[in-house]
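Structures for review follow.
Next come two complexes built around subunit A: one with subunit B, the other with subunit C.
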Partner chain A sequence: MFDVVIIGQGLAGLLTAIRAKQENKRVAVIAEGTGKIMQSTGFMDLIPSSSQNLDESKHLFLQKNISEELIDQSVEWFKALMNEINLPYEGSVHFLSPVVTGAGYVKNTALYPTTVRPIPNKGDILIVGLNGIIDFQPTYVKENLMKERPDLNVSTVTVDFFKGSGRVLSQVDAARAMDDKQVRARFITSLKNEMRTKEIATPDLMIFPSCLGMVNHKDVIEDLNDSIGPVTEAPGLPPNAAAIRLHDALHHYAVKKGVRFYEDETVFHAKVYDGVVTEVLTGNQTKPQAIKLKQLVVASGGILGGGLEQVSTGLSDRTLSLPITSEGTLVDPINNIFYIGSSSKMPWSETWISGGIYTISSSYSVPFTSMDEKNKRRDEKCYINQA
Partner chain B sequence: MLYQPSLEASYDQCLKCHACTVNCPISSVSTEFGGPKQLGPELQRMTQNQGILDDASIELCTLCGTCDRTCPENIHVSSLTAYLKETHAEEVGTKFRDIVLSKAEWVGKLASTFAPVTNATMKLKPARKVMEWIMEIPAERNFPEYRFNNFKRKYKIKESTTERKVAYFAGCYATYNAPDVADSFVKVMEYNGIEVAVPKQNCCGVPMFANGQMKAGKKNAQSNIDSFLSYVDQGYDVVMTCSSCTLAMKKEYPGYMQTEEAQRLAENVYDADEYLRILYEKGELNDSLSALNDKAAYYAPCHMKGQGIGNPAMDMLELIPGYQIEDMAAGCCGQCGTFGFKKEKYSYSMALGDTMVDSKSMAESDYVVTECGMCKNQFDQLTDKEVRHPIQVLRQSYELN
Partner chain C sequence: MEIFETEVAVIGGGMTGVGVLRDLALRGVNAVLIEQFDLGHGTSTRNHGLLHSGGRYAVKDKEAAVESYQENLILKKTVPGSIEETGGLFVKVPDDPDDYVEKWVNACNTIGIPIEEVPLQIAFAEEPYLNRKAEVVYRIPDGAVDPFTMLVDVTADAVEKGARVLTYHEVTHIETTNAQVSYITVKDRYTGEEKQIHTKLVVNAAGPWSANIAKLANVPMKIINNKGMLTVLNNRINKQVINRLRMPGDADIFVPAHNVTIFGTTGINVEHPDDTSLQREEFEHMIMKGKDLIPTLPQIRMIRAFSGSRPLFQETESSDASGRNVTRGMALLDHEQRDGLKGFITITSGKLTTFRYMAEKTVDLVCEKLGITSNCQTAEVAVPHREAKQALENINLTPVAKKKLFSWAGVNASSIKANLLKDNSIVCECESVTWAEIESALPEKGQFNLGDIRRRTRLGMGPCQGTFCYRRAAAMAVEKGVATSDEAEIALQNGVEKRSKGMRVIATGSANKQLELMDGINYVSLGMKKGGETYV
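Then we have the complex of A and B:
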């Protein structure tokens, strides 16, 4: 019997699991796969593809029963958590920051990891590619960046990094290699040589693919900073190291805190009695198992996450197999089921991409009720009652 | 004999999202390895209806199953890599060493019969140097000890007379190396009013699958299916203490054998702690567990995580009054069964192992708890920490009464 069962281990699922654990709940996460953080950039956008800050767009959030106060609280909570797990995030929902992507576009985001620095309007920029990392092409990044920031003085360089491999390598492979001090030192020497050959002066900022170390990212950034100058990661096509660091850190923390992970398991049914869900049935290749619960949080990521499927007759619920609306929520709401993140449709998005900030706040809005412990005193601070 | 028809439907779901390769323990320490995405769904897609395409780097796959667990599209990637291992073995042959290592049961029988000699020899440096030279097994690699008084020799009960009936699959490790785990299991079941029967059994086949010996592994699978299904038909539950054998019966047998019998057996297979947790949830568990003021670090083997049953060992151990246990939240140990005994893989094994033991919760613990004998072997190699099976801890708690 769990107090809280969460379906999905994307950002919404992992954050909810951690917060429930902080409130001493017995928590389980049921996940079909590794979650969609892996496909992300690691940025926490306010409203995807929009440059509006919270003051300009809060009417969209407030429609979803999330108060401005709660957004601020949830962002603060997220930042504190990220500090605790050694992956600090910077930025604000009130003043968005311009960051560069792996395609060279500049977008405004709310929160970003410390491997990223906002992109300036003026100054000397060096875009650094690594041979073997085909997803990040410095000249292509430059072309796009120049459209967005014509006053920048941009140079490019590609450095030898991998000497052959058995597979197509990704930013994550480069990040893991960068964790090694010697590999890093060799890389810095090659980069300096390339810069000397191409007569590139020390830039104000270097743009890298998202590969600046997996566990030792602080050391990688420090070493680059000390020997050449400031750096930023530009996350692009997955897998980005920024995203994998985020997933790994949250997952690791949740496991350490005692969250139980039922992985490679798919929920196929929810048992409902008297308008309350009491257990879910999950299955893999073998036998179904029943997991009893008091509260169910659906964080299955909607259409992109696989929790919902668009079929000819409309939306189909792949998670609980219950009748759902075109927004992805239950036709007959059930008191102890909560839909968070992209599991249901956001008012601003036809793409069903919710953005990190909405995911953080909707996750934070789940009240961990004491369904059968009504007499127990509740810590007022911990519960945000969304009447 | 190449790929199974029923596997073909699954690989087409692959979106090339990289989740498997990013999470693959071997891919994290080797860029030479093709990785699960490339050696699984991509290779399958390329070679369907065409000739065989071999990739020697498949030798590096340990069949840990992390790819299966992390795939968001539910593809059983490790079935594809297991069959590629078979293809590769048929193309280039199998080393004598790998054939020996894959026959864990045969080695266990022989080594336990001459146990004192085997154990002493395995600790002799010159003998190990010769072995490294002839067999390519690194001299510095720790070997589990073998017991003359093995579990098979001393426990002969083939029928249970109690109401709840448990058919125990001990596996090679608890049979020949750690009979105390098997004894503890029998005792813990006894404390819960269950008499344990031990049906005729062979090695589960996992070491064979991992060395491309698919046919031999399937032969073992079939004999175990026949033997244990006859018990299931008499109302027995099949309960196991080794996470790799358990995962094989739950997932690999139905996947590789593609038979109704394999599926039916899988539906009746339980990990030991998973089984006790069911007893607990049904109110049938003997809860007279005595306090243990120990501080333990739990290490979850890959083949435990792959079962998708949460963390039954910690669920059970947390019932012991005063007992403190924290999940190390560590990745693959790097021993990976026979993998870590091979010279050309030793550096990868050590790289993964070093990451595993770099754990605060382990450093602060009295001992490590894990289900897997091979993971224990890696701990024995890399640390001085004692390693216990959760069932041994439960037995201790029951016996203190």
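Then we have the complex of A and C:
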């Protein structure tokens, strides 16, 4: 028996699991994959693909029963958590920060990891490409950045890192390599040489793809900072190290705190008695495993995450196979099931991506209450049914 | 304004137009081809890619069947690099009329199309997706043709032999003097510059747009634009072409194409040649029908849908207008005889399979008009093969991309090889497209256009539909100085919009998820602004 069972281990699922643990609940996470957090950028956007600030968008949040106070509290909680797990986040939902992406576009985001710095309006910028990382082309980033920040003085440099490997390398490949002190030292030497050859003076900020170390990112940033100057990551096409770091840190912390993970498992049935869910079945039809629970949190994502699926007849609930509306909400609400994150359609989202801030605050809105009274009544009823 | 002379001006850069251009070039006739967008903008890249053996038309349209079978044999010899000799099956399923089988067998025998009955167990072993309730199966020499490579290769060969090609040029005016065409005016879509082409003869091979061209010459002409929808399956589910053994109808052909299967089609008459709209209902109708041949079709993931119009010539208004009953044979119109206008010929209708024959007949007429005695050579002279194993054996590239280039690089092998030495990155992982191939496919001048690159390299044709590779190609183009960032941005806006259009209509299940990923990456992760500038 678990107090809280969560389906999905994306950002929503992991945060809920951690918070339930903080409230001393018995917590299990059931997940069939790794969560779309892995394909993200690590940014916590307020309204995805929009520059609206909270004043302009709080009415949208209210439509999903998220108040400004709740957002403030949840963000505070999230920042404290990220400090504790050594992956601090900065920024604010009230004043969005301009950040540069791997395509060189500037977008506004609410919270960002400390591997990222907001993009200034003025100053000397050096964009650093790594030969072999096809998803970050420094001149392209520069050209796009200059369109939005014409007063910046931008130069570019490309450092040989994976020369001639012959396969498509990602930011994450580079991040893992950067974790190694010697590789890092060689990289810094090459970068300095390139800068010298191109007569580039020490810039105010260096822009890298999201590849500045996976486990040892603090060392990577410190080393770059000490030997050349301040750096920022520009996350772009997935995979981004910033996203993997976030997932790994949250997952690791949840495991450490005693959250039980059922991974590579799919829930195929939820037992509902009298408007209350009592257990979910995983495994397979012939040999199911029943997981009893008091509260169920659905954090299996939207279309992209796989919690919902667009079928020819409309929207289908891939998680619990319950009847849902075209907005992804239950036709007959169940008292102890909570849908969070992208599991239902956001009033602002064409892409079904809810954004980090909604995910944080909707996860934070799940009440972990004592359900004993209700369970007692339900147990009696079950007994009668069986008799 | 640039003014120049040519003996023949060919309007339309589809398969028919480029076929005419090459035929003219091989006969030593000076010619220029004008295409309003890119080569194959119209029907020539919006079809099944089926090399007909004539079986489909054997009962109903003997003329088209005979032409198809003859050309099937000729194209296998003369355009070998674009044809896969897959063979084909004609399959009767329970609801198909029994008496059609006999009619069909007799018709094929009369025409001389070699057919052979296949025991059902063998057919099921060869094609595991085939409906187990199939009753009769015949083998027939159908094939799969890559219309993208065939277009490019036939054009390249024509250019190599002295022809000139103007893409992204729109014909704005046809000047006639004393009932004789004297010159045409064309306009560059990118720069707006006009050119005047003085010519003795205009060949109108504009497919669905040929009525518009005829109108410029004040010639009345009726073309039925019969739009067909097709979908691309995520995998190649069949080794050989699978046809339905009944009167031709909707959604009854599955053609293997490289590593996917193209399935279709429908037939709806549309007013405008530019109409390539896609309807969900049409798609669902197709899937329902297609289930008769491939019962698991609704569960098979799709990549996208597309549509193109068959230009069907209709001499009189009273003919049947449903589209399916108008001949698929060609229509060669001598407007001097028909309308009293000298120097104007229209070639339309016909099939992808019969393009060469259509070109031969057209150029025969052209030569007659111009008083040239020169025989057609296209039935014997082959376009260069795409095979390039020897030239590329020692290149440094991942095996899968290398293997693809062995049967793909063709005449571009040396330029691709040189480019690979500078950069051997793979830009599109679905289709194993290298930057080197993209660089070889870029035009010497003109706009950076992802669609043009796609048609020449298959960039963005795979399951991700350009989510990753379009961005990479655009970014690398800026990086290497072959495109400005503005050009790259326009190309991306346009490319993403076009790819999404084909995905949206089939967007259920995994295809829908893929579309969400594309939008999520572009507009959320990367922060791309929606609705930027698009092409001309």
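Following the convention adopted for this analysis, the second predicted complex is superposed on the first by the 363 of 387 C-alpha atoms of A that agree within 3 Å, B and C clash if a C-alpha of one lies under 4 Å from a C-alpha of the other, contacts with A are read in each partner's own complex, and residues count from 1 in each chain.
The working rule: contacts are C-beta pairs under 8 Å (C-beta built on N, C-alpha and C of every residue); 3 or more make two chains touch, one makes a residue touch a chain.
What you see is a predicted model, and the numbers here were worked out from it, not measured in a lab.
K.L.:
Sharing subunit A, do subunit B and subunit C clash or fit in the superposition?
P.N.:
After superposition on subunit A, subunit B vs subunit C: fit, no clash.
K.L.:
Have a look at where A:Gly8 lands relative to subunit B and subunit C in the superposition and call it first, second, both or neither.
P.N.:
neither
K.L.:
Once both structures sit on chain A, report the angle subunit B, subunit A, subunit C from C-alpha centres, rounded to the nearest 10 degrees.
P.N.:
90
K.L.:
I'd like to know which partner A:Pro238 touches here: subunit B for first, subunit C for second, both or neither.
P.N.:
both
K.L.:
After the superposition on A, what does A:Gly258 contact: first (subunit B), second (subunit C), both or neither?
P.N.:
first
K.L.:
Which partner does A:Val168 reach: the first (subunit B), the second (subunit C), both, or neither?
P.N.:
In the superposed model, A:Val168 contacts both subunit B and subunit C.
K.L.:
If you stack the two complexes on chain A, which partner ends up touching A:Lys107: first (subunit B), second (subunit C), both, or neither?
P.N.:
In the superposed model, A:Lys107 contacts subunit C only, not subunit B.
K.L.:
For A:Pro209, using the defined touch cut-off, is the partner it touches subunit B, subunit C, both, or neither? Pick first, second, both or neither.
P.N.:
The answer is neither, since A:Pro209 touches no partner chain.
K.L.:
A:Thr34 contacts which: subunit B (first), subunit C (second), both, neither?
P.N.:
first
K.L.:
One more residue to check, A:Gly306. First (subunit B), second (subunit C), both or neither?
P.N.:
After superposition on chain A, A:Gly306 lies in contact with both partners, subunit B and subunit C.
K.L.:
Taking the superposed arrangement, what is the smallest distance in Å from a C-alpha atom of subunit B to one of subunit C?
P.N.:
7
K.L.:
What is the shared patch of subunit A, the residues that subunit B and subunit C both contact?
P.N.:
On subunit A, the overlap between the subunit B and subunit C contacts is residues 39, 166-168, 238, 306.
K.L.:
Across the complex, what residues on subunit A touch subunit C?
P.N.:
Counting only subunit A, the residues touching subunit C are 39-41, 45, 48-49, 101-103, 105-107, 132, 134-135, 137-141, 143-144, 147, 164, 166-168, 235-238, 302-304, 306, 309-312, 350-353, 355.
K.L.:
Sort out for me which residues of subunit C touch subunit A in the complex.
P.N.:
On the subunit C side, the touching residues are 284, 396-398, 424-427, 429, 468, 471-472, 474-476, 478-479, 484-485, 488-489, 507-509, 512-513, 516-517, 519-521, 523-530.
K.L.:
For subunit A, which residues are in contact with subunit B within the complex?
P.N.:
It comes out as residues 1, 28, 32-36, 38-39, 162, 165-170, 172-173, 176-177, 238-239, 244, 251-253, 255-256, 258, 260-266, 282, 284-287, 289, 292, 306.
K.L.:
Which part of subunit B faces subunit A closely enough to touch in the complex?
P.N.:
Residues in contact with subunit A: 17-19, 21-23, 27-28, 30-35, 37-38, 55, 57, 68-74, 76, 250-251, 254-255, 263, 266-269, 281, 305-306, 308-311, 314-315, 326-329, 361.
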